[in-house]
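Structures given as structure tokens follow.
Here come two complexes built around chain A, the first alongside chain B, the second alongside chain C.
Our next item is the complex of A and B:
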């Protein structure tokens, strides 16, 4: 029992981290809002399904195509919606959240609900850890999740583009006067974040059916992880994922599955009361100390 | 190298710069001196293109507040309509006023972000040069830039512009809010980097005293209008400058 909680808690934590990475890249690290993130996630899943079942494209090609299309949609969201309201945070949030709502409810309207909307897992089978079965899909999730988290850390600390993401988040005018084209960099950031949402969706969705509601859950979880970890911090994302991941698993085991969703909401409230900048947050930390 | 002709800038109906012309030859150190609200920062933003970016943003949002007339040429090329990043690629780099740094990144990371346009090896080299120019910064390497003192932040800000390897460096009020000793350190550094890196430099300042002895040529502006120009020595001897800037 304890072993199951530990192992599946770990998997659950990595899933949270995977879901939050794209959101953290766009909103946390680059300071550009993308609250259509949950919609991008669900959309990527449906795109794969449509490509496979309507156009008979093989799974891996469909998956790759879906990642590219979702990233493209992110870029389009930036150029056609975000660019006009850039710099006004509240407007950015409202505009992208509105786009997200439109995408999600469009899928609901078109009747994309039901048990036939599932994605295949990468490889079938499972391994035994101790006396617990763990299917290969979850092993894939853990592998890719760890790889992407480490990759993101190095990307934002050691590559020019990653450093530019952090630059435009802190002082746009200074970034501009150093030759960083802030509009283009911010657009790339939204596209990357959306692409990461698609990767997460393709890995995670085979565990169940694709549903419109998952879009809202994903957004809430991603937000919770980023706020608790502290906006802009990749280690924060990992630590927060494990805190929420295990908290959810324990709640699930001992209180019942219907309490699970409340964990991240309570966590957001608690952290905002105790330490608003988050566990590893850099944003606002300076103001708090002064 | 840089030539500004008949620059006229309006914010809505307020004139910020009125028919201002100036010229900087390669290798010279030129100052634009004036009191608060004389139009120094507007001048810098116009030359660096930040004002064009602000204007683009306003147009996207559906308003237009800034009006711009006149011409800015750099190495014989008309750059009046270029965005700031395009001007930086040509070698025209601005260090904004009030020590602009990235407060949440540490010192070395600030310099790395600033090296966006440069190759990795160049970035490493120039970081060493910045530490050579400002030895104080070496031991603050891992300090978060937001926690540095004003003078140290100004050094970082100048270091950041050096990372871009500019041909023409614009320094907007580098001495603002600094102690006299820190002002001296920075003025010495400006002279040093001009000699060592062969930079052409334009400084705007309201503290004329530490600046006038080191410049080749100076322009004095009041309310956006050019009132006087001359070499450093000429300006120092002028009774008007003495009265307005030295309090004699």
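Our next item is the complex of A and C:
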């Protein structure tokens, strides 16, 4: 029992981290809270399904195409919607949430609900860890999750775009004055975050069916992880994912699966009362105001 | 020091004409005009709140003017985005230092070193940016390969942060540098270290605008000064002449 909780708790934590990375990256760079994030996630899944079943494109090609398309949609979201309300946080939230709502409910309206909307696993089969079965898809999730976290670290520390990202995140005015086009970088950050949502979707969705409601759950989970870890902090995302990941798994085991979402919401409430800037948050002004 | 007279180079590098900006009801900059010639060091002085920093923000695009014109190398750049202004070769420091706090000091310079301007100036190649960055830091007085070079910029002492601001500007290889109170908060010893760097830039042909409260040091190196008070130019000319004018005396004595 303990072994299962440990192993599946770990996988669940990596899933949360995967889901939150894109949301956190976008916010960390441009300060944009992309509330269409959950919709991007679900959309990426449906796009893969449509490409495979309507256009007969093989899975991996469809997946790659879906990541590119979702990232492109993120860029379009920035240029056509966000740019007009940039700097007005509430308007950014409302605008992105509105777009997300439209995307999700469009799929519902078009009838994309049912058990046939599934994505294939990368590889079938499973391995044994001790006396616990772990399917290969979850192994993939852990592998890619760790790879992405490490890759993002190197990206933001050693590449031109990554350094520009961090520059903009830390001091937008300085970066602007040193020749960096902050709107372009912010647009890329939203595209990048959306692309990461697509990667997460393609990895995670094969475990069940694609459903419109998952878009809302993903958004809440991503927000919970980011708020608890501290908005924009990558170490915060990792630590918070493990806290919520295991808390959810324990709740799931001892109270039942319906209570899982409550864990995220209660965790958000607790952290907002105790330490509003999050575990690794640097937004001290938030603390001072409280 | 490079003496450049108007007859030698009739084409100003920077021309500011009737530039105005209000914030709410406050007229921060009112119809400010001046020309700046290549190789010159122009001082901009005035009491606190006289509109000096706003003027810099208007020239570099961080604030859009209500009226007026900014021309650089004969091109109208009024209201351009700051990154485009920077790419033309206008670099600035900030009065309140703005380092990329989490990046090591030398990595702060990587960001300007990546700008398209630097690439085009160095023939399409960026070269080894880390070593270029360290050279630049040495140029502004960081000891070569000392530990401060690798520390997060946010943890550096004030004197180093001011030098880092300057180094970030230099990394852009600018033709015009605007220094917003670079000297403020520096000790006499630190000033003695930084003044020769500025003199060297002038010898190299860089044009400089300095906003400065430390008049003694400024007047040692400035060719001309513009005096602002309540957003208006109340005097301009050679430092010694300007300080003799009654308006200027009043503006300074009235606030101090």
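In this text, the second predicted complex is superposed on the first by the 281 of 290 C-alpha atoms of A that agree within 3 Å, B and C clash if a C-alpha of one lies under 4 Å from a C-alpha of the other, contacts with A are read in each partner's own complex, and residues count from 1 in each chain.
Definition applied: a residue touches a chain if its C-beta (ideal position, glycine included) is under 8 Å from a C-beta of that chain, and two chains touch if they have at least 3 such contacts.
The structure presented is a predicted model; accordingly, all values stated were derived computationally and were not measured.
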{"item": "Fit-or-clash call for chain B and chain C when the two complexes are aligned on chain A", "value": "clash"}
{"item": "Touched partner set for A:232, first chain B, second chain C, both or neither", "value": "first"}
{"item": "Touched partner set for A:177, first chain B, second chain C, both or neither", "value": "both"}
{"item": "Which of chain B and chain C A:163 touches, first, second, both or neither", "value": "both"}
{"item": "Chain B or chain C, by number of chain A residues touched", "value": "B"}
{"item": "Touched partner set for A:86, first chain B, second chain C, both or neither", "value": "first"}
{"item": "Chain B/chain C common contact set on chain A", "value": "160, 163-164, 166-167, 170-171, 173-181"}
{"item": "Touching residues (chain side chain B, partner chain A) in the complex", "value": "48, 50, 53, 57, 60-61, 83-85, 88-89, 93-96, 100-105, 109, 112-117, 144, 146-147, 160-161, 163-164"}
{"item": "Chain A contact footprint on chain C (complex, rising order)", "value": "60, 62, 81-83, 86-87, 91-92, 94, 98-103, 107, 110-112, 114-117, 168, 171-172"}
{"item": "Chain A residues within the chain B interface of the complex", "value": "83-87, 157, 160, 163-164, 166-167, 170-171, 173-181, 232, 282-283, 285-286"}
{"item": "Of all residues in chain A, those that touch chain C in their complex", "value": "160, 163-164, 166-167, 170-171, 173-182"}
